[in-house]
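Note that the chains take the letters A, B, C and D in the order they are written out, and that residue 1 is the start of every chain.
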C-alpha cells in the first residue's frame, strides 16, 4: 500500500474498491471502510463481478464482466478528462507521459466501455465523478484485480487514475493493494523473488551484486531466476530437477493441478519444510517439520509496509525445529556454514543490506512497529509514500489499451469461472481446515451460481454439480445466489478435496508478473444425473 | 390483499418511518410478518436485528400471528378500580382463551393494554383499537358477538 | 371560586376541529399572524413574559426553553401527544375539541425558533386522533394558514416511556423508544441530531391565546408562578368523571367535591392520586392544596398530566399500588439497570406484600430500592416509578402493615 | 480549561472532558459496566454515578461533561448505596457459576461485588430466566449471565459493523438477540468475536477456548496474526506451554492496526497449532512411502541430493519456493541459501497466488 490502513477509517473521503472482497478477505480493513462510510459519510465505489457485501452500501456499484478492468478504468478516466475533473496541477508538476495516455483513453467513452464491461454508462460517470471530486480518494484492490493475464495493466490503470486526480502522497489517498497473506509483503521485501535481492535491489545490477557478494563472501549470479509458475513449467519440461519448498503448497494453490502434479513427479528431488503433511509434502523426498507462528520469534511486514514483531509463545512441538535453524543446518551441510543465535541476529544482517529496513531494530518494533522505508535509526518510518516525489522522480502515466482475457467463454464453455477466498478459510486450508471451529462452520467447497443459470440446467440449491474447464472437472455443491451474474460462476480454492485449481489455467500468465488468470476461466456447469 | 413490499414502499419516504410501516402492515395483517421485518430493514436502511428490536419494543406491534380482531382489556389503575379483572375473566370465558392467545378460528386475540385514554368511561376495552366504553362482565357476550 | 375558565376548550363542540375555517371564524390563527410580525427575539420574550410553563413533567418556562435553541440550518418543533399516564386523556380532549389551536401553537413555535418542520407524536392508542390531526393539518395548509411550516403526524405503538422527550425523539427516528442521556438536551441536539423544541399539546395550545390576548392577560390567570389554566381529567370514585379546564390556582378539594360532585355512592374519601400513575397519593389532610406546580411540589406531589384518580374508603391502596407497580414493570424500556431491574423487583415485592407473604423487611427493601431508583435511574420513568409506593407507605403505611405476615 | 473539585481535590481539565475521565484523572476509581471508550456511549449501567453538589439526583459520570466549579464526591454514602443496590439487582438475574465460568477472575461483576462487599442479593424472586443455546462453533451465548450492558451490540455495530444483534423486547424481558431471536449463523454475524472481547461478564465466551485455562492462569503473548496481510496484533493465551486461546489487546500503542478487533480466523482459528496432524519429525521417502528419520539423516540426505543435482545439472536446475507465511528473517535466509549457497536466483514465493 502507498498509504496506511488507518487512513481508510478516517482520512479517505471516497474509497474505490476494485477486485477486493474486503470484508471477507481483509475483514479488519473491511470494518474500517464500513465505519468510514457509515459514520463519516465517506463515499464508496465498488467494482466487482460479484455483488459482495460492501457493494450493498456503495454509492455506486459496478458489476463488471471479469477481465474488463482496463476498459472500466479507462472509461472512468475518460469521464474525468472530458469533464475537466483532473488535478491539472498535479499532472503538470508531478507526472509525465500524460499526452500519450490521454490519447489512448480518448476513445474509452462510457458509451464505448459500457457494452464491454456490462456496466451502465451512467454508473461509470457517477463513479468517476465521486472518485475525482472527492477531497481524498483511496483505491484499494486485491487479487481480483491482479490475477489476470492483464494483471499488470490493471494495476497500472489504477495508478493512472490516482495520478490523474492527484490522489497520491496525502493521507486518505493512494493506490493500495491489500495483500492476501500475513507476510507476503515481507517475503517480497526480503528478496524471495527471482529478480531482486532485499528491498527490490535488482540482481542484474552489478553494484547490487557486489554489495551482496561482499557481505556474503561469495560470487553471485546476475541472471534472473524463475518465477514460481515458470519453475513449475520448467519442471514439467524436465529442465528443473530439484525444488525446495518452504511452507508452500503448490499442489493446491497453483493453477492447473494436474499439470503441477506431473511437474512435481518429474523432479529428481523435492524437499518440503512445513508444519503439516500438505498435499505437496506428501510427494516429497524429504520432509522437515517446521514450527508455527506461535513458536517463532521474528518479524512480519503487513500490507501497509508496517514491520511488526512475531513473538514466541510456546516451545517447538515434538522434534520440530525453527525454520531458520533448518535453513542454517542445510546451508552448513552444503558447505556454507550459517549460524545465527536468534532471528534478531538475522534481522541485524538484513538491516545492513536493506536500505528501507536499515533504521529498524527489534527494540524499535516494540509497540506500534515501523513502516518502511525507514533508512536510519532516528527515522520515524513512512506511512505514506510518494509525498514529495516518486521514487523515479515524476509519476509515469502508462497508455494502456484494453485486452480481453486469455480464455473467453464459447459455445462449449459458456461461463466465466472465478476463484477466490472465503472468510472462514485461508489459502490452501493447511491451517484453517485443521482449525476445528472454522472447518465445522464451513466444511466444504461450493460453486456459486446465479439462480437463472441453475434453472436452465435444472440444478437446485445444495445439489452437487460438475464444473468443467479445458483442464479438468470437479464436483461441487451448488449454491444458488444472485451475487453472481448469470454468466459467472465462483468457487473457493481452499479445499484440496474439491480443488478449484484443477480447473484453472496455467498456460497463460501475465507477461510481466507471471501471475495466473485465476479470475477468468471458460467453464461449463453440468447437472450430475 | 396488498403485499407487504407495497405497504412498506408506501412509507419509504418518511424519514425513520419504520414504525409507520409497521402500523400499516398491521392494519393489513394484524401482525408484522417475518419477511416484512426483513424488507422494512432493507428499505429503511437499518439492520434486521434493529428492525426486529424495534418491532418487539412496542406493545402494539407483534411479530406473532394474531386474530382478525384484537381485543384489549385496559388494566391501568382507573380501569382496575372500575373492575377490569371481572371483565377480563368474562372475556376469557366467552372466548375460551387466555390473555395472549388467539381463538382456534383465528378470529379473536386477547391482549392486555395499559391506559387507552378513555378514562371517562371505565372500564374500557378496545377492539382493533376502537374503544368500547363502560363495559361490564355481563355486556361482554353482546359486545363480542357483534364481531364476525 | 369553583368555576371553570376555558381558554383551550373555549369553543369545544362549537367548531369542527378538523376545519381551519371554523377555527378562523372564532378568531383562530390571529396569534400566528401576530407572531409572524414579530422578531424571533421579541416573540420568545413575549412567551417568556406570559409565564407559560411546560404542561409536562418539568414545568419549565416555555419561552426560556426556546431561547436556548442555538442557530442551525434545520430545526424541528415536536409536539408530545403521547399522554400515557393512566387516567389522563386531556391531550386527546384538546385535540378533539380544538386541534387547530395545537397546530397554530406549533407554527408559532416554528416562527420563534425559525423551524419549518413540526412533528406530532401521537400515542398508538389514538388512531382516530391521528386521522383527525392529519385532516386538520391539511385543512390549515389548504387555507394557507401555515405558510411554509409543515407538520407531520407520527404514531407511537404502545410505549409509555415515549412520553419522555428523548425516547419520543428516538421513536420518531424509527428506533426503540429508549431515552437518551442528557445533555445534550433536545434543544441543542434532538431529532436527527438537530435543535428540537419538544412541548406537549397543552403547552402549544396555550400559545394562540397568549399571542392573541397578550402575555399579560395570560399571566394574570391562575397561580402567578404557574399561570394559565389546566385541563384535568377526573376518574375513579367520583360522581362526575369527566374533564374540566380550571385556572391553576384551583384547590384540589374543589376538584373532587365541586367539579367531581364528590365521592360516588355516598362513600367517604380515602385518597386521590394526581398527575397519573407516577403521581403521589394524596391523603385527605392535603386536599386543601392548589393544583399549581409549586404548591403540589410542596406536598411531594406533581400536577403532571392533570389526571385525578379519586379513591373511596373501600379501596385497597396496596392492591392499587401493586397494579401500578405492574404498569411500571411493563413500561420500563429496559435500558438502565435501576429501572429495568428495579421496576421488576418493586412489582415482585408489592405482590409479596399484597398477597400477605411479606415482612417489615420487605417494606424497608422497597424504600431502599425506591431511593436508589429515584437517584440513579436514567430517565423520569425510573425516577418516578417508586413515587406511588413511597407516598402510600408514607401516608397509608398502616394498609401495608395490615397485610404483613405477622399481622395476617 | 475548567476547574472542579473531586473528592476534595481540585483539578483542571480541558473543556469537554467527561466527568468520568476527570474523576479518573483525580485518582478516583470509578466502576463501570456499560462504558467502553471505543464504543458509542450508553450511560445505562449507572455504576459510574457520582454525587455532584447541588444536583438532586446522582450523575452518571461517563455521559456527563465536567463543568467548571463542580464539586464531586465519587464514593459518598448515596453513591455507594446505589452501586451496591445496582450490583444486587444484577446479581439477582445473573447465573453464578463462577467456578466453571470462562471469565472467572476477569469478570467485572465479580470484581465490583468484591469491592463493595456484596455477598448476595436481597432480591430473592425470579432468577436468571433466558437460557440460550446457539449451535455455532465459535461463540457461547449464555444470557443467564448477561447484565444488559449492550457493549456487544455496540461493538457489533461500531467496531465490526456487522449489526447482527440488538436488544429485543423491553424492560425485564429485554434481551440481546439476533433477528427473530434466531441463531447467529442465520444473521449477519461474521463471528469476529468482538462481542466476546467487550463482554464484561461471562455471557459471551469462546467455544474454541472453553475449558482450557482461566484468564488468570494464562500468560498472554502479544504477536502478529498468521493469516491475511492486514497484520492484526493478537494475544496468544498460553497455559502449560500450550496455546489455549486468542484474545486481543485494545491499546493502539500495542495493537496499531486493529486496536483489538479481529476476524473469525484470527480469534478462533488458532487450534491448528496443536493439531494431532502436526509434523514432529523429519521424514524421508523410502519404497514409495515417507518414513520418520533423524534430523542428521534427513539433513544429510537433503544436502547430498542438492549437491548431486547442482553438480550434475548446474545451480539453475534447482529452485526454491519460499513462503509468504514465514518470517522476514526466514525469507531472507531462504533467498540467501539459494543465491549464496546454491548459486541461483530461482527463488520465489506465492505472492501471485
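Here is the rule we use: contacts are C-beta pairs under 8 Å (C-beta built on N, C-alpha and C of every residue); 3 or more make two chains touch, one makes a residue touch a chain.
Owing to the predicted nature of the structure, the values given are computational and were not obtained by experimental measurement.
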Completion exercise
The chain pair joined by the most C-beta contacts is A-D
Handout entry: Closest chain to global C-alpha mean, per-chain Cα centroids
Key = D
Exercise for the section: Measure off the straight-line distance from the CA centroid of subunit A to the CA centroid of subunit D, and report it in whole Å. Expected result: 28
Problem - Chain centre separation in whole Å, for subunit B relative to subunit A (CA means) - result: 56
Practice task
Indicate the whole-number Å distance between the mean C-alpha point of subunit B and the mean C-alpha point of subunit C.
Solution key: 24
Exercise for the section: Report, in whole Å, the distance between the mean C-alpha point of subunit B and the mean C-alpha point of subunit D. Expected result: 43
Completion exercise
Where subunit B touches two or more other chains simultaneously, the residues are 46, 50, 53, 57
Handout entry: Where subunit C touches two or more other chains at once, by residue number
Key = 159, 176, 330-331, 333
Fill in the blank from the handout: Residues in subunit D with touches to at least two other chains are numbered 167, 169-170
Practice task
Take each protein chain as a node, join two nodes whenever their chains touch, and name the resulting shape: line, ring, star, complete or other.
Solution key: other
Problem - All touching chain pairs, where touch follows the definition stated at the start - result: A-D, B-C, B-D, C-D
Problem - In the complex, subunit D residues that touch subunit A - result: 136-138, 158-161, 185, 190-192, 207-208, 219, 221-233, 236, 238, 241-243, 252-254, 256-258, 261-265, 268-275, 277-285, 290, 293, 295, 298-303, 305-307, 309, 312-313, 315-353
Handout entry: Of subunit B, residues touching subunit C in the complex
Key = 14-20, 22-23, 44, 46, 50, 53-54, 57-61, 75-82, 113-122, 126, 129-130
Fill in the blank from the handout: Residue positions on subunit D within touch of subunit C in the complex are 41-47, 49, 57-58, 60, 63-65, 78, 81-82, 85-86, 89-90, 92-93, 122-123, 125-126, 147-148, 167, 169-174
Handout entry: Touching residues (chain side subunit C, partner subunit D) in the complex
Key = 159, 176, 181, 183, 329-338, 340-345, 348-349, 352, 365, 368-369, 371-372, 374-378, 383
Handout entry: Complex contact set, residues of subunit C against subunit B
Key = 83-89, 92, 123-128, 152, 154-160, 171-177, 192, 233, 235-237, 241-243, 273, 277, 307, 309, 311, 315, 320, 323-324, 326-327, 330-331, 333
